[in-house]
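What follows is chain A paired twice: with chain B in the first complex and chain C in the second.
So, the complex of A and B:
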């Protein structure tokens, strides 16, 4: 119990450090929010002015924007650790490796959550979708989706952080793994916006919960190997 | 800069005769792309001693320190810190070792104080607020504590990295070129740190080219060349190496 408390304290310290650095530098949020906005606008232009068509495509566009921008955000958070070999120093601390992973994933989750909520609001405005009447299931979907992207993205950002072509490699590695999450999040969002006529929302949310748990456990168990030279 | 007495937290090492060697390596080798940075180092440093690692560039000094700090794995041989294997017991070794590398591992967007608070949280420092303030004063950064590290000079970053070591309770301190980038005051700070660690029984291994400066501050020296120990001198340090007439260690060519 004491060990778990220590690990939670370490994870919180890492997440807090990332949050402070992000608030000061705005390395992740500004660029990724702008990127998400551009993605939404371009998809909107590509689909044309038909309001019904835009509303039908909204769940898919929402999650494509969140996933693309989220990968950028998680990568940016990991780049903090490349300044002056900070990742090496992080590996030198006498703390559990899974606590380091948890801290980085928690920091990524916080950024992803802000990103998800803002993008959701933007989709509501741009595509004339009524998000207010289904805010609770939509928020639940965004929380679970953000957690899954942070869990996977943190692990693979650790894989690619020492690579020269990391900006290219990270999406290539992450996107296939995120396919189940993308499917579940899009279907859950579509069900929530439609008022869940077929009672499928719960099943898609369960899929997201299972995905998050599996990815968090796998990441926590293996992240330590990435810190070794 | 005011010359404070540096606060180093007390350690308990038990009976001196029961203390294992602080560092013990056996035929330690590390290859990089087939080339041996360490080519069979057998070394023993007694607890509480201060030892200089000398040698030209590429001799293997940094590689040896990085293996002892658990950052690098050895290719062959073994290394123990305080009797603990650096690979098998890496988690426990990290509780006992502090390492100052060429890079400082600081976060540019955090202030000096925030960087040390972060380190204190991960090191599990008791009374962190007081210890952080004391460490900032001890390394001469009290007046710059709320400045972001991004604006710090290389010497100031080095001071802050030394302050981070003061927050832990390491029994073995590994310093890689600690005088690099420091001004005269900063070099004096390193000298005083070496004295403070020695006083409380902390083992210190310093890789440095500043041989003149270290004379009189340390107990012994180990000279490396092309990954092999070529000489040892002083108290508390012994080695077995081909050039010293002991057990034959593999030559670089032999382990390529």
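So, the complex of A and C:
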């Protein structure tokens, strides 16, 4: 039990380090938020100007924007660690590797959450969807989606961080893995916006919870091997 | 020599399976000749899953025992699996066009899952190409292959759900082609094709494994060669300096 508490403290410390670096430098949030906004605008051009069609497509567009911007964000968070061999330093600390993974994923989750909430608001304004009346299920979906993207993204950023052509490889590896998350999050958002007429919202949220848990466990179990190489 | 005999046997088996599937077995009552695609299609889909299973197991064994031979097995599985997956998708599309009326059917969970499967393992192979150090490559590939294998059931489950909660028109589904009531000739032909394809799979796996081992040996040789060249250059420099002194 004591060991677990130490690990949680280590994870929190790493997450706090990332959060402080992010608050001071804003490497991940500002550029990725702007990127998400541009993506949303381009979606509007691609599918608009029919307002009804845009509102219908809104859940899908929301999550595509979050996923694309999220990949950039987790990549930036891992790039922080390549400066001055910081990741090697981190790997040398006598702490469990899964605590390091948890810390990085937690930092990524915080960034993803900010990103998700802002993009959700932007979708509400740009595509004229009523997000206020279903805020609780929408927020739950964003939280679960952010967690999943952070879990998978952190893990794959660890795989690609020291690779050539990492900018191409990271999305190539992450996007197919995130397919179930995208599916669940889009369906949950659509159900929440429609007032859940078929009572399917809970099922989709459960799918997201299962996805998050499985991917967090897989990441925690294997991240150590990545730090070794 | 044994592998070569296996190769010839596999070739003969695949050719005879093709002859039986194309000319001997009667066409299906509903689907006509298009149903003949099902024999190689199902066989390759099955072998694709087997290959990716081999890749996952090979990866885990590498992480556990740190023997690059397991990594060579994992690589062989992924590459041959990608080939069989692509073949299965291609066959499915050729079958879908006359039976469903479209090449691509978004409501079929298997089709969409298989397409993602292809993307996952093409990513795996690209990852391998972009990492030079053999041990690093083996570790990264093992982990990515493992997570891909974990992802497959989630993908399949979510896509099935996606279709299930969206009650839409039910279209003749592929499982009907092989329900227990199907005449024994069809089942027998499918099993025969599967056996023939499995022989071909085994032959390809062995050959790819041998190739992977040879590639590794060559990489190792090249590294040793570079090391010797550097050492020789250093010795040369030293003797020149001493001569100058």
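Here, the second predicted complex is superposed on the first by the 229 of 229 C-alpha atoms of A that agree within 3 Å, B and C clash if a C-alpha of one lies under 4 Å from a C-alpha of the other, contacts with A are read in each partner's own complex, and residues count from 1 in each chain.
Heads up, the rule we're going with is that a residue touches a chain if its C-beta (ideal position, glycine included) is under 8 Å from a C-beta of that chain, and two chains touch if they have at least 3 such contacts.
All values derive from a computational prediction rather than experimental measurement.
Of the two partner chains placed by the overlay, only chain B lies in contact with A:80; chain C stays clear of it. In the superposition on chain A, contact of A:218 is made with chain C only, not with chain B. In the superposition on chain A, A:94 makes contact with chain B only, not with chain C.
Contacts of A:179 after superposition on the shared chain: chain C is touched, whereas chain B is not. Looking at the shared chain after the overlay, A:24 reaches chain B, while chain C stays out of its contact range.
With both structures placed on the common chain, the touch criterion links A:228 to chain B and to chain C.
Contacts of A:9 after superposition: chain B is touched, whereas chain C is not reached. Note: residues 228-229 of chain A belong to the chain B contact set and to the chain C contact set alike, using the contact criterion stated above.
Chain A meets chain C in the complex at residues 155-156, 159-160, 163-165, 169, 172-173, 175-177, 179-180, 183-184, 187, 198, 200, 203, 207, 210-211, 214-215, 218, 222, 225-226, 228-229. Contact residues of chain A toward chain B in the complex are 6, 9-10, 13-14, 17, 20-21, 24-25, 80, 83-86, 88-96, 228-229.
Put simply, chain B touches chain A in their complex at residues 66, 69-73, 91, 94-95, 97, 99, 101, 103-110, 114, 118-119, 121-124, 148, 157. Interface residues of chain C facing chain A in the complex, by the touch rule stated above, are 63, 116, 119-120, 123, 126-127, 130-131, 133, 135-136, 139-140, 142-144, 146-148, 150-151, 154-155, 157-159, 161-162, 165.
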